[in-house]
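What follows is a set of structures to go through.
In the two complexes below, chain A is the common chain; its partner is chain B in one and chain C in the other.
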Partner chain A sequence: MNIFERLQMLDRRWIFLVVAVAIIVPLIIPFNSKTYTTEPTEKLYRIIDSFAPGPDEKPIEKDRALLLVFTHDASTMPELFPMEIAILRHCFARNIKVFTLTFLPSAAPIMDYAINTVKEEFPHVKSGEHYVNFGYKIGALMLPIILGMGEDISEAVDIDAEGRKLSSLPIMKNIKNYNEMNLIMDFSGSSAGGAWIVYARSKFGANVGAGVTAVMAADEYPYLQTGQLTGMLAGLKGAAEYEKLVEVFALKKREFSRELLKDPEYDNAITNPDIPYKFKQARIGMNAQSVAHIMIIVFILIGNIGYFITKYKEKQQG
Partner chain B sequence: MKRSIPLAIVITLGFLFVGYVFIPHKISTDFYEWYMEWIKAMSPFGVVLGIMSIVMTHSARIQHKVPNWQYSIVTLIAMFFTAYAGFAWGTQEGTPFMWLFKNVQMPMGATMFALLAFYIASASYKAFRARSAEATVLLLAAIIVMLGQVPVGVSMFGEGINDITHWILNVPNLASKRGIALGVGLGMVATSLRILLGIERTYLGGGE
Partner chain C sequence: MFEMISNWVAAFLTLCIFSFLYKDNPFYKFAEYLFIGVTAGYTIPLTWEMAFIPYVYRPLFLQHKFILLIPAFIGILYIFTFNRKLNWLSRYPIAFGMGMVGMGVPLSMHASVLVQMRGAMIPIENINALLVFIGTITILLYFYFSKAHTGAYGKIVKVGIWYMMIGFGASFGYTVMARISLLIGRVQFLVADVLHIIK
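Right after this comes the complex of A and B.
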């Protein structure tokens, strides 16, 4: 048996071992890598940033808000959680009104965890003034709530996760329905966000964005092309891009500029000790993903070389 | 009787909801709002049924000592303890419920999902072969998209790899996805009509 035949018969446990090493080493030994931003991510960033109050405007008076819908459980957190905290960081840094909601009981702790993770860095942020967690609402009420928010959010949602009447909260000032809460961002590992496109987008004209796992991203492209999705964060890559945008623009209160993104100074985040791990975890993860993708490509190439050589030899012999 | 009554409920309510969508009259709107109030009451019953089902299934597994019955004990203990932790101490940050979520559910869920990477690597090595022209196109597209998704790909081949990746996702991928979506949509309409007209009855269970 020659080496190529042996490679064809390789025990898959060796492949598992190589993949494990390829993923673990870049996570343990961090190194800087360039993050290239894509248009769907930039569009989302820009629309969210446009919800920020102006320099002479009181944040509470602002008539724009963002709804983050958590439609996933713990299994997809490695990809989706960095997106969620990057967007929350953007909102808290720029005093953008933000609401959170889920129709999945298993996502309720994720919302609390995401809010608390980001809130630690922004002591001025208060529940009811800067953000409201609408909490978990039963799945059967999804449609009535989506449609009801088109008329009156306070009436459709009624109470938040802390049991307070929405209508009594200061954040609801100047926020009535989708005219004001003009972007819904759904995070999921499935096509669950489609309901927002069908009802909130088609019936009320709300902007809808999606944060999806990489394997689901291909399914969302038809909606991106038609404009039914305003933007999309695709997998860990999308999260890494958003992390970078928040750092380069939102935290420094700068206007978006593609030129500035090319500056290599902004690609040193991974080894920069001033940036907390939680706000660069997607970029660190992208290093592991880079190595893993290269490993998979190498496996495919080796497998194919072995396949063709074996086939050629068989042809010659027989 | 066991099949006729559920069938009659499905057909009647099905047509009533079709009426609500296509006839925006006060009667249909009032009916819909009344029904929504009932949904709130129905959901807790669904939870009770779910809990009963889990308890009965796993109790039977433990009682009859079926293979791997020990896992059923873990399932029941985990379910009741997590529920107790939530009811007793709440679900906010710093409570035992949140501790369980962060230290048990989150890593276990992520571990299960992460196994995908190992199976993709193994499957791509064992099965991803350029056996035909179509398979070769698929293979090349996969390699390009994989390279375009990671920074190292762009560093190796320049930003052009990003453009090719976007073209693959925006043109051939989009065309096929849209075709599939149209097919699924038509299939859903056909299945809904079959259910409404009582032709499709497999959802009732038990077979014909």
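Right after this comes the complex of A and C.
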């Protein structure tokens, strides 16, 4: 029995073990790798950044806001949570008005966790002034709320997660409907974000962005091609790209520039001890992802070579 | 202190689930059942608090909006789905639900069909547009079953199959990426939040 024949009969638990090692080692021993930003991510970043108040403008007066919709539970958190964190960090760093909402009971604590995690980094950020958590609304109200927000957000949502009347909150000044809350970003591991395209975009012309798990990315690309999706973050890769943009531009209060992104300095973030782990979590994750992908490619090649050699031998023998 | 305890409980349950990779065992079963129980236990009071209290109890009993008795009654009919003789009553709330779906049909047609079709009817000005054009035509021809897939027609249709195979390959690649990401997320939790190996 040659090595390929032995590999054909290898207990799959050995493969699990090798994959586990391939993931654990790059996480424990980080190394620098390039994070290329793609157009769908850059487009999202730029539109969200355009909602930031100007230097002479009071944040509370700004007539632009972003809605983040959490449509996922803990099972897809590894891919979607880093995106949510990165976007919230962008909003808080640039004083962009941000709303959060969910129609899933299991997403409500994730939403709170995301806000509280990022809020710790920005002591000036206050609920009701810089952000509002609309909270969990029952799924049956999804359609009336999506359509209602096209007319009047304060009326459609009524109260926030803390039980306050939306109309009484300072953040709602100059924000009435989708004309002002001009981008809806849905995070999901399914096609749930489609409802925003169908109702909020088709009927009211709102911009819709998607943060999806990698499994769903291929399904969403046609909508991106036709412009029905303004931008998209696909899986952990999308999160890593956005994380880099936030680090290079938003946290340093810089305008977006492709030239600046080419600076090799920003590819050394992973091993830079001055940058805390939470600011580069997705990019470190992508290192492990790359190693695991190479491992899987090698497995597929070995498996196929073994298959063809075995088949060839069988043919020779009889 | 609380965070430390909750992290260790989460770490223990993560390892219980991972133990299935070796073989099925009581630790895995325990974590699985616990997850189902916790999810149901969490959803029921949350729905009570966020749905029943603000949309039924408060308007009906405190604000005396008695018109809400009608939708509340229709909603209660759902419960007859468990009764073999009276389960026909549960079809009425379902009918209302279907009505809501019907409302979305014209807008869905617009977003999912018409705009997407318009996106495929762009001038062939570059290589991408040409590839999209060839792919759209050949795949549509593949799904035309009133003509046998033989001869020249069969060869054109085969191009459509190749396009679909590449599409499935991309989807599968993304699926692998997603599954690996889930594992990375758990390992990051174990090494960073629980063991504090990375900071």
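Quick notes on this one:
Please note the rule applied: the second predicted complex is superposed on the first by the 318 of 318 C-alpha atoms of A that agree within 3 Å, B and C clash if a C-alpha of one lies under 4 Å from a C-alpha of the other, contacts with A are read in each partner's own complex, and residues count from 1 in each chain.
Everything below uses one rule, namely that a residue touches a chain if its C-beta (ideal position, glycine included) is under 8 Å from a C-beta of that chain, and two chains touch if they have at least 3 such contacts.
If you're wondering where the values come from, they're calculated on a predicted model, not measured in any experiment.
Superposition of the two complexes onto chain A shows a clash between chain B and chain C. Contacts of A:Pro78 after superposition on the shared chain: both chain B and chain C are touched. Of the two partner chains, chain B and chain C are each touched by A:Ile138. Of the two partner chains placed by the overlay, chain B and chain C both lie in contact with A:Ala218. By the touch criterion defined above, A:Tyr277 reaches chain C but does not reach chain B. Within the superposed three-chain model, A:Ile297 lies in touch with chain B and out of touch with chain C [touch as defined at top]. Once the two complexes are overlaid on the shared chain, A:Lys34 sits against chain B while remaining clear of chain C. Contact with chain C, but none with chain B, is seen for A:Tyr199 once the two complexes are overlaid on the shared chain. In the superposition on chain A, A:Ile23 makes contact with both chain B and chain C.
Contact with chain C, but none with chain B, is seen for A:Gly285 once the two complexes are overlaid on the shared chain. According to the touch criterion, the shared surface of chain A, contacted by chain B in one complex and chain C in the other, consists of residues 16, 19-20, 23, 75-78, 106, 108, 138, 140-141, 214, 217-219, 222, 225, 235, 237, 289, 292-293, 296. Across the complex, chain B is touched by residues 10, 12, 15-16, 18-20, 23, 33-36, 38, 73-78, 106, 108-109, 112-113, 116, 138-141, 144, 214, 217-219, 221-222, 225, 235, 237, 286, 289-297, 299-300, 302-304, 307-308 of chain A.
On the chain B side of its complex with chain A, the touching residues are 36, 39-40, 42-43, 91-93, 97-98, 101-102, 105-106, 108-110, 112-114, 117-118, 120-122, 124-126, 128-130, 139, 142-143, 146-147, 149-155, 159, 162, 166, 169-170, 173-174, 177-178, 181.
Contacts from chain A toward chain C in the complex involve residues 13, 16, 19-20, 23-24, 27-28, 30, 75-79, 81, 105-106, 108, 135-138, 140-141, 143, 159, 194, 197-199, 201-203, 213-215, 217-219, 222-223, 225-228, 234-237, 276-277, 281, 284-285, 288-289, 292-293, 296. Chain contact summary for the complex, chain C toward chain A: residues 21-22, 39, 42-43, 46-47, 50-51, 54-55, 100, 103-104, 107-108, 110-112, 115-116, 118-119, 132, 167, 170-171, 174-178, 180-188, 191-192, 197-199.
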